[in-house]
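Order as written gives the chain letters A, B, C and D; numbering starts at 1 within each chain.
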């Protein structure tokens, strides 16, 4: 990413990392609050419901983190493609295919022990997601087909494929809705509350499951892969300067394909969380827009795993807090929740620099000591 | 033979209707992206203007008033995008997505508050909607061989926005390549530093380009709710903004190729509607999902086969910062 | 009162102009009659179904109505978790002691409107526009085709599905185009079972001076003069009945199949379409209705096939 | 005494903590050519950008024609009659020359009429100032020399009376530079004022009337050119005395390291860029390839380095064929067998500007065991090696964590050179090693190249700087239109002869 107006060195870190994001969030909530007032509800109560709903109890944390899990996956997926200079809008389709892979494994092997099914499922969702991203990656690398268009097209193709499979092939016999049969419980990802109970911690039941741990592992993996391995180095070189890559003997096309495949694999893990973790059957529409929102997650997280984890948490909180809002407040509909989410993305994401100059100059001392750099 | 001819004509007729919002939205995107501002928010702007147009038309009973307000709404959203990306140098993709999301929630919310019909606007009829126009002599010439049906079925009988879209392509091309404004838009999208040092404000040019984007998007959205359709329904753009964006890239940011990309999308869409459930000799009935996927498969194949690398405007996506 | 009913709408939302909206009207009717307010939630994410039901059960809802087949999984879990709470699921069967499953014989209602379509058609060609190609919609389509063929064995039926993503339920523009494509091929009556997409279908029929058939609720009023009739599925009644019976203590678990005989489905005749439905048509359709109820005509249930 | 066209008083400019201009004051007389020199980062470009309204000063006054003239935007500067040719051209590559020139002064909302008028005016300017260029060609297709003319035309078309040129000759061939100077002299004759920023003392001495020397943001001298010498200026600039002439021992060539046989290179558009080129480079010698830019040298260099496919011929390295009939070795493999390559354009190929210096240090060597401690890159080793190279090559600031874009051009070049030369290659391919680099750094880089040669390495040097070629090379090959027009020994080589060859004439040397 291009660093916009490299910040003066002598702004305290708490301003850049704490105060400015806070100011942005505050602005988002103030505007959203206005909307709440307009529909005739109490904005402060709404804020409270939202915050409490997202973070107020162990249960709300569970839900928030469960949503965040999906966003971590799709955010990382977008980010890794971005590091290679590619804009992967296909997270949605890749997530669907990942889910398909997990589903097939679970349907086929759910009578096998979990220790076998789990790695198989991981491999399957990564492979299926990767395969769905591989094709656009390959076409970009070898044929110059713009990855933005092809990934959009592949989203449509993925849902056509899923609809076909669930209606014609995988639908459970005697079943009315386009869903597969439920997997045997042996093939379910353990829930966090069950895992914690096993070690004596009690936690209310939430959809939070083992996939959350996989998401954390994926973040660590992406960090090391991108910044600490030669493959990541090659991908970043291609993304930043393709000529320099050629100069260094790095093949742009190979890395474009690799980055897309990894990106697709990461997006595919949404299927792990949703299908194996929560739904326990293959359904339609489980990808629920996570692939798209992953773009915002990645960009707001500066394409860095730590940033992505934080912004995934923010989005998880927005989803969970928003659900609570719709529950608790009569006049707040699910559409209003969407509006609030949109404003947060607008202010915390797109308008992030709005308060920067003022806040920075407030906290900056001009140092006369520094001499000009240079020879 | 005559049947086949008419069949093709009717498919083309449908193609025009489906292509209209795509063409307008893609041209809208063209102005924005040519000036260096990515516009992933076409979807939201269209939806916003579809709502505003329908709301206004249903209140005033005038389609023209509706169009005006629809355009105004799209311009307002466009300016919001500009405020975030041009003035505050925010991330253009994030801003576009935020706008899409805000509008997707706001339109039904307002719709519900104003019309109490579940977020929709009341169905429009009469003057509140642009009716199909019968061009002069269309009826008289209808019986002429070939030309008759061509004129009366294909050319005549669309609503005014279809003709606006048809006119928009040459006009947009003319503005972009033959006027001072167009020259500056193209320059600012390729090398904003060159524009700045030529004594022109980069910010002002980009804002103006975004106004044009708003106008075109507004017309596209209005088409959906007060011309082709007759009222607003939530999420009624159904991904057309993204498809328009794809057409723009497909058309390499040039007006005429973009038009053809839109027509291609629309044509395959019209075709797939007619192929669904059709018994294809030797193959039988193909599952409907595969027919529905046809436009997308075709696009991918075309992209891989014939359309070379698309080179976007050089400065696209980067906020303008004075640097060397 | 400490009676709290609750309803969970599915992704279409309570204003989807068809299924969910009918349920909403049912719930509102209950509220008006009984003065008892109800809890509600509109699902936007697959995982929220279960979340919503658990929330409501925890909040002390006595009965929770779940709208749509997609909620079956969530109902199953929630019903097991909260065995004292009553659950009613519409359009799907969940076999648990505290669950009431209400399914409709949409094929029977569709049969009737299929007949009406074929009888009203001058070209002998009629159309069907569905949202997504899922079993439920095929059930509508199949009944419709059978009805049309019953009335006119030579009738040609065009079938179109709108799309493969959830957007297919809310794309009036595309719906309009699909209807037009059917008109272009000679159809003069179309039946839409596609949620909000149907709005575009009815509008296209009106613009082209052709006939359209509404679905789920009585949509005849939308375009008097071109709405031939509507296939009504009394989801509203079912929801209101579930609430009321739960309140009165007459609620019973188990499967309820609502067809023509039970008045759960039917075709709409009112002042908006009385000019379109001739006496002859009415007579034939009503006769067939009686035959279906009597079991003389068997309408195929798509769901029973696989 | 003539009138001052431009006067600066107490100009100050900060970039964050960097004081780029400190109390800069001087005046430029009307109808003169005024030189400004200074090291990389001395603040010359910043100062001129302020005069042109591109940056705003934090303090100070600008006077044009003796009147205070607040210049807030480039528009103000244009109105005040100031034109500027930027160090990095401000042109739209996808536009024609004509479109570039009229941008901002289109003469009406519709282009057609304005364009017609502009054609006439451009015709006149071209004639008056000998600034020939095909105004309908795409700027991106033009060689740099012509692009610069476009920039000058742009300024003149806007009625510039004061013309600022920032390092205009950095990218020009001697012929092009001579032509430029004739144009500048012409401008001066017609009463225009020219401000010329350059690193080349020869140019200062040759055409300027007065010269201002800057160091670390401040003016350190302001003298009539006639009253000073190259050595004095160099010392003022760098703050120490500089050796302006390269000293080297007689050549002792060893065996052939690189042998090129009938090499042909065709570019993506199917144009033959290199036509049947054959030559050898031996250990212990520097072979210079001279030529006006765009005559195939760049493509030749890239083909040798494995960055470009060849369409014919053979490349033999240390007796082994590394590329023949279309097949080339990848740059990665070539590095492994002892070839190194300093690319012509450090920004385009040599560096990834957003990477930190230590990441740039491993570019091309990233799968070397030295940096790969098993699965992961060995960050410590990278930083250590980068620090070592920065130290050895006197890169400033000496900070392995700073991103490459944070270094000045000269220091960026040193980073690339250090990376490629510290590997102790047997063959070094170097393109334009001192483009845009100040004299202090040039001296350093030249010394390093000679050291390589003296250590028995083979060096192939491509440069459009004839001076550089003449002073460094042991043999000189001249390229024209993709082919070799001749080869001369450095000893006894005449600049005039080579100049003629560069123009395509076959001269018996």
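Quick notes on this one:
One rule holds for everything that comes next: a contact is a pair of C-beta atoms (placed from the backbone, for glycine too) under 8 Å apart; a residue touches a chain by one contact, two chains touch by 3 or more.
By chain, with names taken from UniProt: A = D-allose transporter subunit; B = L-arabinose transporter permease protein; D = Galactose/methyl galactoside import ATP-binding protein MglA.
Here the structure is a predicted model, which means the values were calculated and not measured.
Summarising the inter-chain contacts, the pair of chains with the most C-beta pairs in contact is A-B. The chain with its Cα centroid farthest from the Cα centroid of subunit C is D. The geometric centre of subunit A (D-allose transporter subunit) is 36 Å away from that of subunit C, both derived from CA atoms. A separation of 46 Å divides the Cα centre of subunit B from that of subunit D.
Rounded to whole angstrom, the centroid-to-centroid distance between subunit C and subunit D, based on C-alpha atoms, equals 74 Å.
Between the CA-based centres of subunit A (D-allose transporter subunit) and subunit D the separation comes to 45 Å, rounded to the whole angstrom.
For subunit C, residues touching at least two other chains, in rising order: 13, 133, 164-165.
In subunit A (D-allose transporter subunit), the residues touching two or more other chains are 2, 156, 160, 163-164, 167, 333, 338. The set of subunit B residues touching two or more other chains comprises 108, 112, 119, 234, 289, 292-293. Each chain pair that touches appears in this list: A-B, A-C, A-D, B-C, B-D.
Touching subunit B in their complex are the following residues of subunit D: 45, 52, 54-55, 73-75, 77-78, 84, 86-88, 90-95, 99-100, 102-106, 108-112, 114, 154, 158. Against subunit B, in their complex, subunit C makes its touches with residues 13-17, 21, 133, 158-161, 163-165, 167, 170-174, 176-178, 180-181, 184-185, 196, 199-200, 203, 207, 222-223. Residues 80, 83-85, 88-95, 97-106, 108-109, 112-113, 119, 234, 242-243, 245-246, 249-250, 287, 289-290, 292-293, 296-297, 299-300, 303-305, 307-310, 318-319, 321 of subunit B are the ones touching subunit A (D-allose transporter subunit) in the complex. Subunit A (D-allose transporter subunit) meets subunit C in the complex at residues 63, 66, 156, 159-160, 162-164, 167, 171, 173-179, 182, 205, 207, 274, 278-281, 283-286, 288, 319, 323, 326-327, 333-334, 338. Touching subunit D in their complex are the following residues of subunit A (D-allose transporter subunit): 2-3, 8-10, 224, 228-230, 233-234, 236-237, 240-241, 243-244, 246-251, 366-375.
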